[in-house]
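What follows is a group of structures, each given as structure tokens.
First chain A sits with chain B, and in the next complex the same chain sits with chain C.
So, the complex of A and B:
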């Protein structure tokens, strides 16, 4: 069986895109020293709002805009307590994740009058790039948010290493007191990135519910936000590595699907993304330790 | 006050939770009517079409038998035990529980209350007490009929199933489907793929990816047995020009023009009949509902086929073959193998 074909690469990109967008937000927070594990909840919230707004207005792009705006507001629930009030960001984020799960299920019944899954022939999804004139193999069936996600990786890498504000942001994350001492408005930076992370998670959610599929289903983020957190932990503060980590996950998921087709039991194929994640975490830790021992030698 | 709506919402939520807790202390004080039915669900009914059918069946039975009907919704499977306690104290004619979530409670509680009749729908407790009746379904018979349709309608000769998980019970929607297809097209090839992951019963994105894996390999007809993931399968076949089969209820309207038919489970019919039998004194035992008993079926066999929205309505020859296959199953000429028995 031909495992590596165009449709496989397309499957990798589809699986990667929502995770990558959310992980970019997580990376920004990591750079600024805010440990953001609320990606899962924000992703789900974004997916929900995208479907609601698209359903109400009949326009997928309004849905995307609505998801971004609403998730920025949602992420203010993290940045407020965690940055301004110095609450433990982990505790706040766990609360947000639970809130997103309950709130989307509750509002779904209020707005659509139904639980479980909402889909409707009238619900507008994001167009394929093929429909927009970009008729190349792997990208043909992707939503426009997929190249946007890839582009954002380069933009972030440039911003963090080549611009004044980006370097300052890294200073905030590396040494809070020193950054404060040179007169940086530390909390302003931290608020800012948390809200931007919210916007990115809104995009991620919209990609999941209007790009990957065109529907909303309770709990449909299904752990993708957590994979994004792991990708951030793997790659530290480097957007290039983050892209690799997210692609690794996408490959693992798409590969798992193929393995099932080749006769591997579902339970084993299911484990593929997690086994690969675990292996990557171990390898990254080993590499880091080796580097450190060189530095000390 | 700005926060009034928030407080009101919070209060409503609390009320909702309290109501779902199901202790219903006030109810127990009333003298029970001559005949009564209490139905307990493992989750809030909401728009869960499966549970809705369960409620419909019990209501219909209550109406026909002149009994009163009460519904105890559990907020999640962990609150089932409290609801069963409350129901036992209310002493109805029969206490009905839906799904395998009752396997534990219905192993112990009926033994402790030998004078109370119990009915479990769609599963059966392991150690069945004489005062517990069970209703189970021959889903494989309906899946076989859907498979016959798939075999006749597939152009590529390749069909598939996207199922939630690789568990023995879910195989009732897989092998019989393929068996039905090969009965009319011996060369037909069937491939099952499973959604899996951390939310297998509600992950339409993964279900869609799996369906795309199948369509990418030339599969043109896919049976969706992925619960909340089914709409993802419908999207995938719509994009590839293939078609899909729904499950449990009529899902043809979810994706007009893309769903051939559904593997139906008439929970309401079976439950109604089972309650009636208990009222007539035929208690305990396992009652199995297959095609012959009207417990399972496909839309092609329904009187409302034309208005069902299912595309099989446009192929009268296929419908005729399905009817003939059903008659053959009735006559014993065809026996559909049950994957759970092998």
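So, the complex of A and C:
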């Protein structure tokens, strides 16, 4: 098994993309002080709508647009209660994740006539960059949403540090009352980021169901939204660190996939991303704690 | 308080409003997708309590109540235990392993696997405690992250070391007769699991409301800093609460495995969604522990009835998951609306 080959790197990037897109949404919410752990449900919902719309219209890009629109609507179910009414964001998110799981499984049976996995030759997936003329290793077999995700990391980093609105968003997250006192429409910012996070989760879902594969199966988000939550916790408000955290997950998934090819049981491959993510979370927390105790010493 | 006033309080209480709201929205979903509610709801009731289905509802009530305690106990200490599936699977597979591999006299053959399952579930859950209290990693995330590998590990064990030889099915061999939960009455599905879990629930209710530990758990959950200031060792209390929750989950897994069909079948513990039905039930009870058994009964009724609805009316049973999700969201909204209203 050679991990230093192009196909492994390509696998890492493919595994990273949906998590990264969802995590970018989570990061925006964290910056604005909105606790968003509904990423998992939104990602699943996005993946489902992408497949339904692509199947109906025969166009993958319409599927992507449908997923983004539908997931923005879904995320309003979080922003309404949690931002406008100040309901407990954790409880609302737990409910929404469950709702997404039930709704996708239910509608899948109503629309496609059976549960489990849906795929069809008519289902249009996203094109490869290779087909679009970008014939370079690693990127050749990625969907166009993969470079979009990477680009968004840079865009977000620039926006949050170099623009007026980005800095204001950070002010809202850092000190709500102070931000309010200087005249910012605090809840407007928080509604905004929650809906934008919905749009990003829609993209993430579409990348998962029309980019990584071309199918929908029940519960296919498989914890990626939670991994995205952890990536956000690991990286604070820094998009660069977020990219690293998501790449770590991508490596874990691609590596687990290879291990399975090398004869290890599938269960080990399934568990690998979670174990590695948890280990990273613990190590980061220990390091933070140690740094703090030096500062106090 | 007069009878009408009592009636008003019950009707306007959060659980009743939340369930009514969720059922209203579900009826809307039915109408949108073209399902006749007049057909679906009677099928749901029949599927839950009539045609001999009541025993299945009771059989599902036991692990759901167990999982409700698994979520509610840590929640009282302010820790969200969403890793119920992993603790459930760990408890189930441990109980199966003990029952299969350790020769035990009658009596002990039931008790020891149950205890082993509870210990395994508790161990899986307690890992989250130091992560939360020492490192600041929220239990809601760590329990979930630990849950997935625990489910994978149980799945691996049942497929390889503990698998029934020469069948190719991911299940253990049937457990020895001595390890079967004693049945109550004629039904194999009605076992001593029901009185056991009822007694444990009563014990928890008592401990929560009337003991020092219960008070410390609640104090830790309501205001951790204040509890610490008052001399509560909050780290230890949170660990105890998580371990206790995990033990209830592990015990639920063990009860499922020692009940019919008396073996660990891969996926059979997590597939029915006991964990999140229980989460919905506990949140629906909105911080009143005494109500938990009632909300669990209601949601188990919906869950089992949903399968009857699928058989008879062709409505996918995932509809009940939609109901549960809606209930949770509505409960959260009601809680904040109530807090705002001047008293």
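The working rule: the second predicted complex is superposed on the first by the 277 of 297 C-alpha atoms of A that agree within 3 Å, B and C clash if a C-alpha of one lies under 4 Å from a C-alpha of the other, contacts with A are read in each partner's own complex, and residues count from 1 in each chain.
Convention: contacts are C-beta pairs under 8 Å (C-beta built on N, C-alpha and C of every residue); 3 or more make two chains touch, one makes a residue touch a chain.
Every value quoted in this text rests on a predicted model; they were computed, and no experiment measured them.
Asks: Taking chain A as the common reference, can chain B and chain C both be placed on it without clashing, or not? Answer clash or fit.
Replies: clash
Asks: Looking at the overlay, what does A:233 touch: chain B (first), chain C (second), both, or neither?
Replies: In the superposition, A:233 touches chain C alone.
Asks: Quick check for you: in the superposed arrangement, does A:14 touch first (chain B), second (chain C), both or neither?
Replies: first
Asks: Applying the touch criterion given at the start, work out whether A:223 contacts chain B, chain C, both or neither, answering first, second, both or neither.
Replies: Both partners, chain B and chain C.
Asks: Could you look at A:99 and tell me whether it touches chain B, chain C, both or neither (first, second, both, neither)?
Replies: Second partner only.
Asks: Just checking: does A:86 make contact with chain B only, chain C only, both, or neither of them? Give me first, second, both or neither.
Replies: Touch status of A:86: second partner only.
Asks: Considering only touches as defined above, state whether A:148 meets chain B (first), chain C (second), both or neither.
Replies: neither
Asks: Should A:270 be classified as contacting the first partner (chain B), the second (chain C), both, or neither?
Replies: After superposing on A, A:270 lies in contact with both chain B and chain C.
Asks: Considering only the touch criterion stated at the top, classify A:109 as touching first (chain B), second (chain C), both, or neither.
Replies: both
Asks: Could you point to the stretch of chain B, among 43-51, 97-105, 187-195 or 313-321, that collides with chain C in the superposition?
Replies: Among 43-51, 97-105, 187-195 or 313-321, only one stretch of chain B overlaps chain C, namely 97-105.
Asks: State which residues of chain A lie in both footprints, the one left by chain B and the one left by chain C.
Replies: 106, 109, 115, 223, 265, 267, 270
Asks: Any idea which chain A residues touch chain B in the complex?
Replies: Interface residues on the chain A side: 7, 11, 14-15, 106, 109, 113-117, 119, 121, 141, 208, 212-215, 217-220, 222-223, 253-254, 256-258, 260-261, 265-267, 269-270.
Asks: Please name which positions on chain B make contact with chain A in the complex.
Replies: Chain B reaches chain A through residues 13, 44, 46-48, 165-166, 191, 193-194, 196-199, 202-206, 208-210, 212-214, 216-217, 228-232, 235, 239, 254-256.
Asks: For a test of understanding, state which residues of chain C touch chain A in their complex under the given definition.
Replies: Counting only chain C, the residues touching chain A are 29, 33, 80, 82, 131, 134-137, 140-142, 144-146, 148-149, 152-153, 155-156, 159-160, 276, 279-280, 283, 316, 318-329, 331-333, 335-337.
Asks: Please name which positions on chain A make contact with chain C in the complex.
Replies: On the chain A side, the touching residues are 37, 77, 81, 85-88, 90-92, 94-103, 105-107, 109-110, 115, 223, 226, 229-230, 233, 265, 267-268, 270-271, 274-275, 277-278, 281-282, 285-286, 289.
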